[in-house]
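This is the structure I have questions about; it appears just below.
Letters are used for the chains, namely A, B, C and D, taken in the order the chains are written, and counting of residues starts over at 1 for each.
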Amino acid sequence: MSQFLSDNNAAVHPDVWAAMQAADSPDAPYDGDALSAALDERFSDLFGRDCAALWVATGTAANCLALATMVQPHGGVVCHEEAHIEVDEGGAPGFFLHGAKLMLASGTSAKLTHEDIARLIDPVRDDVHQVQPHAIAITQASEYGCTYSRDELSTLSRFAHDRSLGLHMDGARFANAAAGMSDNAQEAASQAAHRVDSLAFGFIKNGGLNAEAVVLFDPQQADLAKYRRKRAGHLQCKGRYLAAQILAMLEGDLWLANARHANAAATEIAGACGGRLMHPVQANELFVNLSGDEREALRKQGFDFYDWGDDAARFVTAWNTRADDASKLAQAIAAL
Amino acid sequence: MSQFLSDNNAAVHPDVWAAMQAADSPDAPYDGDALSAALDERFSDLFGRDCAALWVATGTAANCLALATMVQPHGGVVCHEEAHIEVDEGGAPGFFLHGAKLMLASGTSAKLTHEDIARLIDPVRDDVHQVQPHAIAITQASEYGCTYSRDELSTLSRFAHDRSLGLHMDGARFANAAAGMSDNAQEAASQAAHRVDSLAFGFIKNGGLNAEAVVLFDPQQADLAKYRRKRAGHLQCKGRYLAAQILAMLEGDLWLANARHANAAATEIAGACGGRLMHPVQANELFVNLSGDEREALRKQGFDFYDWGDDAARFVTAWNTRADDASKLAQAIAAL
Amino acid sequence: MSQFLSDNNAAVHPDVWAAMQAADSPDAPYDGDALSAALDERFSDLFGRDCAALWVATGTAANCLALATMVQPHGGVVCHEEAHIEVDEGGAPGFFLHGAKLMLASGTSAKLTHEDIARLIDPVRDDVHQVQPHAIAITQASEYGCTYSRDELSTLSRFAHDRSLGLHMDGARFANAAAGMSDNAQEAASQAAHRVDSLAFGFIKNGGLNAEAVVLFDPQQADLAKYRRKRAGHLQCKGRYLAAQILAMLEGDLWLANARHANAAATEIAGACGGRLMHPVQANELFVNLSGDEREALRKQGFDFYDWGDDAARFVTAWNTRADDASKLAQAIAAL
Amino acid sequence: MSQFLSDNNAAVHPDVWAAMQAADSPDAPYDGDALSAALDERFSDLFGRDCAALWVATGTAANCLALATMVQPHGGVVCHEEAHIEVDEGGAPGFFLHGAKLMLASGTSAKLTHEDIARLIDPVRDDVHQVQPHAIAITQASEYGCTYSRDELSTLSRFAHDRSLGLHMDGARFANAAAGMSDNAQEAASQAAHRVDSLAFGFIKNGGLNAEAVVLFDPQQADLAKYRRKRAGHLQCKGRYLAAQILAMLEGDLWLANARHANAAATEIAGACGGRLMHPVQANELFVNLSGDEREALRKQGFDFYDWGDDAARFVTAWNTRADDASKLAQAIAAL
């Protein structure tokens, strides 16, 4: 079977295994170890600006802990109506933010422009009867595999700061977004996270086991995030194994190489889809118009993927997608 | 350096590593994989009664998710005033239980008898002005390394059920408690968790990496715990690696063997402490009266441990404590 | 000035004043007094079925306490996207329900049919990644002054119970809704609340000062609501003055007479609006298409009301609207 | 029957009734009316320093909304182990503060010194595993009817600010505390609330119906408190009736006169108690050692009061305690 269901359960990269096992000697518990302590500097280098970085075991926790640094319980978070935090996190934002509200905006390809956001929040009366927005959350790459450019992020961040809103980025597939921007890791990272206030930097879909990074570009917020992480049961006592995963992914820009591999596979498949593509392919996800018969035909040839409504399919490539599988899928789609 | 600081950052057992790596082939994400699906039956066998079991990454999350099946936001949880959930979990119960209250009882060696609990809750007026208890949480082995016997648990559970209270057991060192009860794994497990409603079964201190089990002896509560786990950001997408850790610990009763090893080391050291012992040594922790000079002397000989107040020290043994280190510590203490 | 802005700040009815002052002799504090104790029976009589009734000071608290008897923190409440609980309660449901989610359905005139609700919740996957609905909240009369008939409520409640959902009714203007159904108080009340599980029965807009009733048609939920009321700071120590307000409103069916008065005024004005009406007028609110010039003309004649968007106005009548004012407004609109 | 049970269900003062009825003409809803708008200035005058003031219907809500301006969900509030917020508010602080923890200190007569507090919080490790204090809450007069002097408050506030802790005062019987400090209202008020950051100024026990004031001495916190008030369902739509109560109590220093009356009665009774007094009588509560027989004897003479444990009784005087009743009680106790 040739698997294009999701990248979220791909195998763990050998370098990540090696790094975890190298961390097997005793060190201080929780995040007191040398590896955890190295994260702030390592991410500050990567993004070219001061930041604090914390490991957590899931993207859901990463998003919510970052948002907790910006959003009061009585406030709201503007996000796309199809954002993962709204649709697929089991109400986690309501839990971590103590009842704060997700305020749902519409926008193309699960992306938001400042006009989309203004359309939603401008009518909110500035009085206590209505929940006021405290932050904006965007997804890079978006739930439809599309990316925000440096310029788009500039505009959004200016808008956010004009309105005194925090700007958080859900980067479950941040690497895939960045990989499309530059071959240089520093440049790619800094462009893809341009001027955001916080980033949930995903590694799990890209070769990690169970470590994501909460990156806070206002390092003064790190304390609050650390207290909240403990309080949410997310401070693991053997934290060095999570830090090791992240450092292994950053080492030699493995994160970018893995993402480039996945993106290349997606690009090859996209080339065969032509007018069938529902969204531009800018990362490692494809949403493709395919009839029921066509999907059945592909499945009979051994390709596994999710239906996307009645007339389409979603294909996701990963760091370990075999180039051959991608080529064959491209050919199979072209031959439909 | 001979380390007796804690068992919470001990290395990971080789069998656990092997099992994790054996899980590296693709399977369904989250807890849809075959390993996660095996947990219910595996734990039901061990305890000799029906239960549901969920993996989570920390003991804090395990305790809180179990308690959430018993405690309403307006209720309370009776626990010892030195219980881990009160003292060392950063307020996690207040978070997971939405503001429910920890109601603090006193008792010898961080254990609670039903009289201790009655003394606390009998004066609570049955009116809306006072928070009513909804559950009792005990720790097996207790924060001072002492265990509840089968008979003590019988009495406590009868008391709890008479009062319509849930009974939860924090088993961060459950294996160490059980190891003192029988050499037979089934017998040890069922005695140590006799009649409790839920158990946070700890594996991390005993050779695991980052997987504990929430064991619910009313399997109908599993659904609620699963929704809450997701909502708390604790549903990892590659859950098979956590299930693998737990299954490896259960395989061939590794959990019990590891605990026996740790307990044996503690017992040997205890033999040298005589009247210095502050609490009976029934698991793998020792609290020993030692003057500042005596502690300094031990440290100069290469033993690492925590001070416990001004006149005592805490020593913790682990699954990987070298027998030789334990013997040397015993001799050093005897020689003071 | 002839006031059609809102009924929410109308004067207090003289009978309500009298009843409050009659309660000025000492009685047991909180809800231990004779007046508070009379509520359950009084409402059970009115609705012709067993219920428990609690006073609270606001409709927001009434709605939220009722919902708290049906909705777990990880669940959701289906409501209309323009429902008061979504739009105008400052996020109170998120607070009282500990982060539960409002799930927004669309429907005509701020009412919901079971098809509207099914359209929203049928696509919700029954898995932990998505918030599951636990209850439905409807508003009687709706935010656009429209009512649910006995038959509509039958259908909705059958749907709700088939799906194991609670059915709550926000009755901020319940009296106005009921007044349109029958001249007999018992009949009007039981039809307007037909088969719902709970009702926030509003009195404040209809002549009360600061007392609404939470009516729970499953009296076994009363206990939970009472603990939550105290915990939310809503258990007043001189509760007899709130019970007195409610009993005064029920006495001699004052609640229905007051509502009939308001509705009659609205009906008279509606008669002059013809095709301008945006929604049927079934209670005491009118939404009327009026240009900016027309609105200005009306204001110059001394009528006060809110704009409703750019091309319409909202008029609300109250228990104390002078018949003469209503007639003049009707004439003025007819003359435009 | 001569009632010394509590002041919490005393009748409403005639001036308060008059003021409420005078507010019966329409004004803007919620807190947009002229009376509500007058509160900030009125309280700033009284205390001789800038403050913001909000009405709420209960002391529980007042305390919790004030604390919400100082305490994060992951923080703690130091209070006396017998403080009303700990013992008698049904867990409201856990609700309003989203799971923050009450940290219980011991102290004489339900008062706290900075040494009492330091003894509790100095051992708290400054790490994420332990809940950190964010605020201190004291009660003026204390739960045993004792008062904090200006000097004691100076010391406490210096301590609080040195530790970056907010200092909140539960003033359910603030008037009774202040009445003992000066005959001049401004002086009494400013001494009794000397240097605290917030005050729940109680009026209900002292002649009001259902209005207390949240007084915030950092007026910039008013916004947050107002959003939280709405979100907690405590923003009444006819708020003018609550503002009217408070203004009536402030008018002509009625609050102080009422409290002086109650205190005088308590002082007279205290004079007869001699060595029986368990705490100094500095406000309007007496805790008196009386055997079961003695209590029975008093009750036979028509005095109503609560037992306080097995060997004592609590007597509370109120603004409307008849001087004659107090004298008779004093004589009866003297005659035992």
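Quick note on the criterion: a residue touches a chain if its C-beta (ideal position, glycine included) is under 8 Å from a C-beta of that chain, and two chains touch if they have at least 3 such contacts.
Keep in mind that what you see is a predicted model, and the values were worked out from it rather than measured.
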{"item": "Most distant chain from chain B by Cα centroid", "value": "C"}
{"item": "Winner on C-beta contact pairs when A-B is weighed against B-C", "value": "A-B"}
{"item": "Whole-Å gap between the CA centroids of chain A and chain B", "value": "34"}
{"item": "Geometric centre distance via CA averages, chain C-chain A, whole Å", "value": "43"}
{"item": "Distance from the mean Cα position of chain C to that of chain B, given in whole angstrom", "value": "50"}
{"item": "Chain A residues counted as touching two or more neighbouring chains", "value": "73-74, 89-91, 94-95, 98-99, 128-129, 227, 230-231, 235"}
{"item": "Complex contact set, residues of chain B against chain D", "value": "73-74, 76, 87-91, 94-95, 97-102, 128-131"}
{"item": "Touch list for chain A against partner chain D, complex", "value": "72-74, 98-99, 128-129, 132, 224, 226-231, 235"}
{"item": "Contact footprint of chain A on chain B as seen in their complex", "value": "3, 6, 8-12, 17, 21, 24-29, 56-58, 60-62, 64, 89-92, 94-96, 204-205, 209-210, 227, 230-238, 240-242"}
